[in-house]
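Across the two complexes that follow, chain A remains constant while its partner is chain B and subsequently chain C.
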Partner chain A sequence: MVAAVMSDAAPSAAKRRTWTTSINAWLLLLPAIVLLATFTHYPILATLYHSFFSLGRSGPAEFIGLDNYRYMLDDDVFRQVLRNNFIFAIATVPTSIALALLMAVWVDKKIVGRSFLRLAFFTPTVLPMIAVANIWLFFYTPDYGLLDQFLRFLGFAGHNWLGDPATVMSCLAVMVVWKEAGFFMIFYLAALQTIPPELKEAASVEGASRWYFFRRVTLPLLMPTTLFISINALINSFKLVDQLVIMTKGGPNNASSLLLYYIYEVAFNFWDTTYAATLTVTLITILAAVALTKFVYLDRRIHYQ
Partner chain B sequence: MRRDSYSIETLAAWTLALLWLLPLAYSLWSAFHPSEYATRFDLTAPLTFNNFVKAWNQAPFARYYLNTLMLVSLVLAGQLVIATLAAYAFARFKFVGRDVLFALVLVQLMIMPDVLIVENYRVISALNLLDTIPAIALPYMASAFGIFLLRQTFKGVPTELVEAARVEGASSFGVLWRVFVPLGKTTYIAFGLVSVSYHWNNFLWPLIVTNSVESRPLTVGLAVFGAPETGVDWSVITAATVMTMAPLLLAFLLFQRQFVQSFMRAGIR
Partner chain C sequence: MSEIVVNAVSKSWGGVGGVDRISFKAEAGTLLVLLGPSGCGKSTTLRLIAGLEEVDSGTITIGGRDVTHLSPAERRISMVFQSYALFPHLNVAENIIFGLKVRRVGRAEREARLKKVADIVGLSHLLERKPSQLSGGQRQRVALGRAIIAEAPVCLMDEPLSNLDAKLRHEMRTEIRSLQQRLGMTMVYVTHDQTEAMTMADRVILMRDGHIEQNGAPHELYNEPASDFTARFIGTPPMNIIGWRDGSLLGVRPEHISLVERDGVSARVKAVEYLGADSIILCDTDGGTVCVRQTGYCSLPAGAQVELGWQNCHIHLFDKDSGKRRTGGVSPH
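== the complex of A and B ==
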């Protein structure tokens, strides 16, 4: 009532109030805006800007249009790391999803030692990738490492797992699946717990087998979760490169290098920052495309409610 | 027959779980035994703390611990304050440019600081902050993710509570502090656990911006220590690895439920 009287009697006071509200809100947002502008928005624009310039090692940087991009398209290493990145995604995303689902189905029901199983599957999630890489590095060490010792015990010869372009990607993929599957498990677990038990009862009254029920009821109901996890796993495969620093340095001969690792090498080993910016534009484009897909298919409900 | 398939599944689940724990179990084995037992699994092998003593003496791990602790506290404190203020503005104020600003915040969910290493390095260097702990923390201080989570929570606060506080004469800040913050407790815990885990484990960005013992966090310290060219004994490296993982791992074992729930809440949003 007070507000009604005020807006009738003094419209200018009401207007002033709107302004004060706006100013208050902007002040509350100021720290966030300044930091986001400095470390997210400006860097994105600067990346784009610098990608059009020469490095200027001798003399000032010059505007060179699309030369960096032309160079990138001709760069064999770039093509290879991009291909590696897609292979890596295809190798890790479906595998970790399938395993996560299997784990979730197991620990969702009354199984002996349920909390232990859950713990075992989730633990790799809380470990630093760098520590994990150290441990797995030793698994893959030729001859002396655990994998080779085990194989020798079975009568096989030793192998330089991380030094062979044919095996290095698979070795890294196995490790990443191990690290990620338990994390994705918890999302499936949460989704499984929302499936009403009556459905299962009805199905068993009808005489449906467990497998039939899983295929025709559970799996379709888990579809949104699967989509959500796939997108997260895909993004991770583009932004997680810590393991490469420890295990392979992208080698042998770039066989295990990923896009972000290549950016890191170009920028901080060769100090070619404008070419690194060009590569970053590619990475940003990929991430933005993935995120937009996510936005269109998943987040429409949440963002502007 | 139903019984059989049940026990086969149990067996499979347990096999996978043990396989999943193997890398961790192995690192503990190697860290707590003399190096000649690094690949010999003999139950009578003597236990030892020697590897830890050696690692601790060969590299400044005490300093690395301190750096990581300072880093995660700085990041978390900054994130909580900044995200609380921003989320409050987004959830409870109607103002000019709100939707545009919110969309600009969400950009960070899409393109995280982790991939903007080249330009962020330039910014940090222009601010003259290279090789300091704030340099590692600053790009992550305004967390779009935190703002997003808290905004959701704040939107769920009943208007009656806000009005009741106003009637009692609370200012905007008073309402935020006495109504919104206490009601956001679970969100704060969820976000806090995820943030601490993330920054305890973060590696690439700290590797790029730090260059000295005084600013290196544990992960970077471990990488420097374990580099093959240093020729450090394998068992000692595992001991250092265990030291790096231990605090977070112990916290996880003690507060399993909170960890799992927080990661889930944070992931689902």
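== the complex of A and C ==
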């Protein structure tokens, strides 16, 4: 009797329950969705929309199709900053990763003062970029900067490191590597500590040298971490421009300017908002492509435990 | 040949755990089993022989060569780890031939040996799998394959069969034993399964709390246990130990006790376990619970009063305090 009643009521009750569950789920997601939509998705779409319009300083904004993009491709400054950005990425990403790995392997060993070393390597990460830029500005200042004083002590002539288009990018790259490597080291350190010590023992019984073990076991097992770090480093190389504001303002003659800094200049110094929107869409496309490579292509090819 | 001599070796971590001044010898070409309860120092002993732990004191020689301070690779051994230690990013085949690659064995020979070993451990159809796609028992067999493919003169195994089902365990046991004999390997084999120890070993070392309780051939441990600990550890069910007169313990094996009409020790049947070929009768006596093995099926009900008897030649006496075996002067009843 009871069973019969229950089986009668079951379908509608089940349906009601699914309903309530979905409502609950949506309600829980709502705050996040609202925030994301207001501050991420809507601005992106608005930016895309604006990039198809003229500026409208005199009169209303007009739809001009791809004119902004055409202009962008002819813009020498845009080409330069894009080239700068790629050079900057190629200079900083592999170096900071290699350095991070080296430091992680070093402080993973049982050595005296290990915690101190770890802290020392990690310190640059906790400093704000603005502070870092100011510190390094002092290193690079002509004549009385640390670098020049040191060179003079050795008997070399001084150099305007940040004022010379030939050296400015390298100077900034060195600084960014210094700041980023410690952060990436933490990821490598965490990953190294998940590798069971028996693997090393098994390899040593088989007669594998430390280098062989590193190459054939440690490195492959660190691949997921390396991938994660390189994506982050790549994105950072497009995202991190605070140092330019403090140190070079993109100069001399745009030699150190990066895409995001150029966007900032176009938008807030030249007030060309639609062109800035166009540049922003380009930047977002680049970053999205990087992220997509990770999710679609690389994740499949790299061993995950 | 490569006999292993462990001489007064100690190893502890800040005074706790490990092993304390153990000495023993594994003759060349024989299989030595380290047996004992969990935490008694079996793995530690094995790792000391392998060179994965530094000795605190004492010496270890393999084949007459003092290896006490040599690296694991220089000791020319192969090893199965208790936790398998498989390389998670390599597939089964790559895991097995890892050592051959390290030693630059040619491709053709590598393939041939891999095929042979994969057949022995029954993994031929799984060579492409990653360890994460294998069951516990399959992983264990990969570890086993990696150790035997090396054909090293000394092979150390830390509970290599603990995760296999009964049938496979029996097969692998036979396989390992015949392989060891065929290749003339000196093998040190850790287990806490005494059946494995009794069936495979040329010699068994029973350990307890970091020292050696008894070192002997399987039949010696069974027939002449040196202490009540050994007596209680060996045999399924193990020897019955009951309190006896003048501060001693009396031990007698379940198969040596029989139900008698009169003049025996009176007991009460607690339960009967029927095993097929024989039955184990659990009885309560004044000295404690006693197991009796009887061939065939036993129909005694629980609560029945019985009399237990045994022959004098079958009893073992142990000192109550030290647990050591007492020899001579046996005076039962």
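Methods note: the second predicted complex is superposed on the first by the 267 of 305 C-alpha atoms of A that agree within 3 Å, B and C clash if a C-alpha of one lies under 4 Å from a C-alpha of the other, contacts with A are read in each partner's own complex, and residues count from 1 in each chain.
Here, a residue touches a chain if its C-beta (ideal position, glycine included) is under 8 Å from a C-beta of that chain, and two chains touch if they have at least 3 such contacts.
A quick note: this is a predicted structure, and the numbers were derived from the prediction, not measured.
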Of chain B and chain C, the chain that contacts the larger number of chain A residues: B
Which superposed partner A:Pro196 touches (first chain B, second chain C, both, neither): second
Contacts of A:Ser22 with chain B and chain C, given as first, second, both or neither: first
First (chain B), second (chain C), both or neither touched by A:Val245: first
First, second, both or neither for A:Thr218, with chain B first and chain C second: neither
Which superposed partner A:Leu35 touches (first chain B, second chain C, both, neither): first
First, second, both or neither for A:Val205, with chain B first and chain C second: second
Contact residues of chain A, present in both the chain B and the chain C interface: 303, 305
Chain C residues within the chain A interface of the complex: 50, 52, 71-73, 77-79, 81, 83-85, 87-89, 98-99, 102-103, 130, 132, 146, 150
Contacting residues of chain A [partner chain B, same complex]: 21-22, 24-26, 28-29, 31-36, 38-44, 46-47, 50, 102-103, 106-107, 111-113, 116-132, 134-136, 138-139, 144, 146, 149, 178, 182-183, 186-187, 190, 228, 232, 238-239, 241-242, 245-246, 260, 263-264, 267-268, 273, 276-277, 280, 283-284, 287-288, 291, 302-305
Touching residues on chain A, where the partner in the complex is chain C: 196, 198-199, 201-208, 212, 217, 220-221, 223, 303, 305
Interfacial residue positions of chain B with respect to chain A in the complex: 9-10, 13-14, 16-18, 20-21, 23-24, 26-27, 30, 39, 81-83, 85-86, 88-90, 93-96, 98-99, 101, 104-123, 138-139, 141-142, 144, 147, 155, 172, 197, 200-201, 203-204, 207-208, 218-219, 222-223, 226, 234, 237-238, 241, 244-245, 248-249, 252-253, 256, 259-260, 263-264, 267-269
